[in-house]
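Listed next: structures, encoded as structure tokens.
You will see chain A twice below: alongside chain B first, and alongside chain C after that.
Up next is the complex of A and B:
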């Protein structure tokens, strides 16, 4: 008796939980096409004007540019740092290897708000550093542990004999890395890069401390929500959701979703 | 000799990056001990955070809200993760997984904005209740603790479920079947076999969710309307808006200690569990 009724309760709970998580996004989608300038339900008509409004709102235009720049730079920097560190951790046996591994993961253990104030204070001690540069450092710190984790997992899944074979056939270590390791890692690296870009693009709490007067997109959206009351932010959300779906698709294609969380 | 230096050279760039964080953290410590003269050190800031009831409230209220949110997320997330791993068809499973990941990667600020659309005075829930005639007055569903809790739970659920489904996928079904064969009722199997086997995932998900909730800034601001006290808001207000860096730094120091203690406690609990069950 219980055997047949158990799954249905489970099913209902699961559906409810998924709905609870998805509902905010679904509502945003609906209200972004509302023709009236309110956030109230139900929508009164169909319109695309809020989408046009996203791009004509100065703070969003600046925010999109700032966030993309920040995401691209911190992704590039942390990928280089992360790949080098991962190579050391996976391919070499050296004194302090375990400590290095823990050290690189350190930012994960610092609450984001503490990281924000810490980097703010750090910026005050360094002369002549621009706001954007500090933000790049902050975002690299946030992203690095994830990059290292993903790249280490990829490297461990790779046959080290391939590199040895290349070197046995006369390749120098850097040649073996460039012509054997890197191409084999290719997709894993692309997946890690997408993850890094997403993490950087959406960071809010720590970033908030350092934005000054050139807000990133999440900060601009936050400020807009607090002062205005029209569906422009809903249109913006829908656009970033499309970006999120693209990111999930790319990661599934390049590293497999399972790999990301296991 | 040169060969042995290679791994160190490879990690140096990352080290330099992490060192900036350590420098920042030591500045936080320095500011929190600042006594205004620039030469001496004082614990006055920490003392006032502990003794002053209006400051202390930010900590107790955050801990309480984070604890409740984590507990609810665990209760809601477990069945979802369980269904996903044991009952769903491979196709369904993949779909749920992609949806979870999309949620995990979606923008936190915008998610909270979506909840404002649901919980606000003219939001979905109130419109629905008014239309159904359940009430004549819109309910107050946000700008209070309830709104903040809903926001926190919605934010941490993806993390909780993604932490749980790993352990659930590795469950040894034969143990549950054996218990059932030996006469255990389904709820006994669940409480005595399934849950204990999932402890590592439960600990990981609980820790992650608790720390994320404790750190939350957007949720108390947008769904609490500044009326619900949480540590992150306090730290930001003190250090940025009010320019009281010593007090803000001391609060950040305490938050750091609380997080470290939580991580340590759950790691120890995890180790104990491993020693007991995985020999």
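Up next is the complex of A and C:
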């Protein structure tokens, strides 16, 4: 069989699309090494000083701590709620089951600005509670659809007879869940948790309305570029991108990404 | 240390069992009595309610009305994990994250059985199902037949009072399936457990079960041994479900000496033993099994005890052990005759007209 050494149209198109998706980020990567104190292209010299600057800027340190704390909390809360909701949606037949499914998914379709403002109003004019508490609730809402989607997909892929079999062998419902459902859901749950953390970590639009003196990392970055024009934010972005790539790599290695997007 | 499983044979009884699913009646007032140690097959087309009946006995499907009792104890309200009813699922439902040995001891671990006894039961169950060599394997690595044995071992390790099997052979490939029928029956008898098996395959039911309950639209149409169902079907549904049946429709005439005279065409009547009370003038179907029919070139003038109907040979299908001969009678209805081996009846040539003859006693009257 002879095969032309010329790249096929499919290959060219594929490469073009991938380049199109990656190019903006590649630009950030290049700019982050620019020695000049401007967000400009092409770079005039090479330097790592903006990376040093990332670690010496106090608002970023606060931001990372805030964002991680928020991500961990909303991940934990939404995982518990999400797994319970998914079990109800997949395993039980009740009035309003479809409605519940749609309702859990609803935050995906509400503009984040609306969610941010709504939460701000609740915090300050109705409940009079701290913005931080409301921020946790907000992030749970944002993250929950992703958790539920993934857990539902994994549950639907699981044979319901496994739980029945466990119960007929003498397992009470909670034992069947603990010894059969949960271990089999394991990888799917890990994937959902990673997704929750990533979605919470990089949320900006809705979060912006509720942060006070201790901003999250994306808000801190935004506040930084409002006053400074140097590539520090590009360096920060490159670092978070690296974190993202690492997360994707680990998920692919441990779970297989196709399980997540099923 | 050797341990033998303590399997007590218990009977199962269903009384007026009625199940609705999403507003549809799936089981309709079913009564069924199963003897201790008996193997009963629930046979019927898909949607007849056989799997629902199994799930109801297991406690996975709550009935609308009626009672289920096992060993004389009413179980209707007992949850599945306290019923002590074992079930082998159609796809076996083995726990994929556990080894064969862990699958087998799952039930004992859930019931907090002491480790020493657990190990003994595990050893005994694995040995009984010839799985000892596979104890550390994961289910995904096993063949269909091995998975089935693990499913049975896992179930009997909990010493259930009755074993339910849902289409146990359907997950196996066709070649393996036929051999496994006899093996499964031998296995169930060796274990010595009361078993209810669901199948849509009549041969499977005949090969495995002591008695067969033929189900039709949520009811048991007839229950009996294979021979009873084959030779004394109470309806066309049962007659058609097990084997092939030729039907002759006619009007009942006079009755003499326990034999009904049935007119099936002008100047043509056959005789059949009357089972129920059937009145003169009533329309009935007379069933005749294809292997009961012999061929004759001429009508032998009134041979006593023999029915004769003219027909024309359409096709001959040689299948080795048997040959299928398809006839058409004068009104164009297909008649099937099955003859075996070197039968001289097979000498008939295509298109030839001859007489189909069978003993009057081999005619089965079925209400039309």
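Note that the second predicted complex is superposed on the first by the 224 of 262 C-alpha atoms of A that agree within 3 Å, B and C clash if a C-alpha of one lies under 4 Å from a C-alpha of the other, contacts with A are read in each partner's own complex, and residues count from 1 in each chain.
One rule holds in what follows: a residue touches a chain if its C-beta (ideal position, glycine included) is under 8 Å from a C-beta of that chain, and two chains touch if they have at least 3 such contacts.
Quantities reported herein were computed from a predicted structural model and do not represent experimental measurements.
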Original post:
For A:205, is the partner it touches chain B (first), chain C (second), both, or none of the two (neither)?
Top reply: first
**OP:** Report for A:175: first if it touches chain B alone, second if chain C alone, otherwise both or neither.
**Re:** second
Original post:
Regarding the shared-chain residue A:80, is it in contact with chain B (first), chain C (second), both, or neither?
Top reply: first
**OP:** Considering only the touch criterion stated at the top, classify A:184 as touching first (chain B), second (chain C), both, or neither.
**Re:** second
Subject >> Dominant toucher of chain A (residue count), chain B or chain C >> reply: B
Subject >> Which superposed partner A:21 touches (first chain B, second chain C, both, neither) >> reply: first
Subject >> Contacts of A:104 with chain B and chain C, given as first, second, both or neither >> reply: first
Original post:
After superposition on the shared chain, which partner residues are touched by A:136: those of chain B (first), chain C (second), both, or neither?
Top reply: neither
Original post:
Which holds for A:241: it touches chain B only (first), chain C only (second), both, or neither?
Top reply: first
Original post:
Of the two partner chains, chain B (first) and chain C (second), which one does A:10 touch, if any: first, second, both, or neither?
Top reply: first
Original post:
Do chain B and chain C land on any of the same chain A residues, and which?
Top reply: 173
Subject >> Of all residues in chain C, those that touch chain A in their complex >> reply: 58-60, 79-83, 85-87, 89-91, 93, 95-97, 106-107, 110-111, 154-155, 158
Original post:
chain C touches which residues of chain A in the complex?
Top reply: 159, 161-162, 164-173, 175, 179-180, 183-184
Original post:
Which part of chain B faces chain A closely enough to touch in the complex?
Top reply: 4, 6-8, 10-11, 13-15, 17-18, 20-25, 27-28, 31, 76-77, 79-80, 82-84, 87, 94, 96-103, 105-118, 120, 122-124, 127, 154, 157-158, 161-162, 166, 186, 211, 214-218, 221-222, 231-232, 235-236, 239-240, 245, 248-249, 252, 255-256, 259-260, 263
Subject >> chain B-touching residues of chain A, taken from the complex the two chains share >> reply: 2-3, 6-7, 9-11, 13-14, 17-18, 20-25, 27-28, 31, 38-42, 80-82, 84-85, 87-89, 91-92, 94, 97, 100, 103-104, 106-107, 109-122, 124-125, 137, 140-141, 144, 148, 173, 198, 202, 204-205, 208-209, 218, 221-222, 225-226, 233-234, 236-237, 240-241, 244-245, 247-248, 251-252, 257-258, 260-262
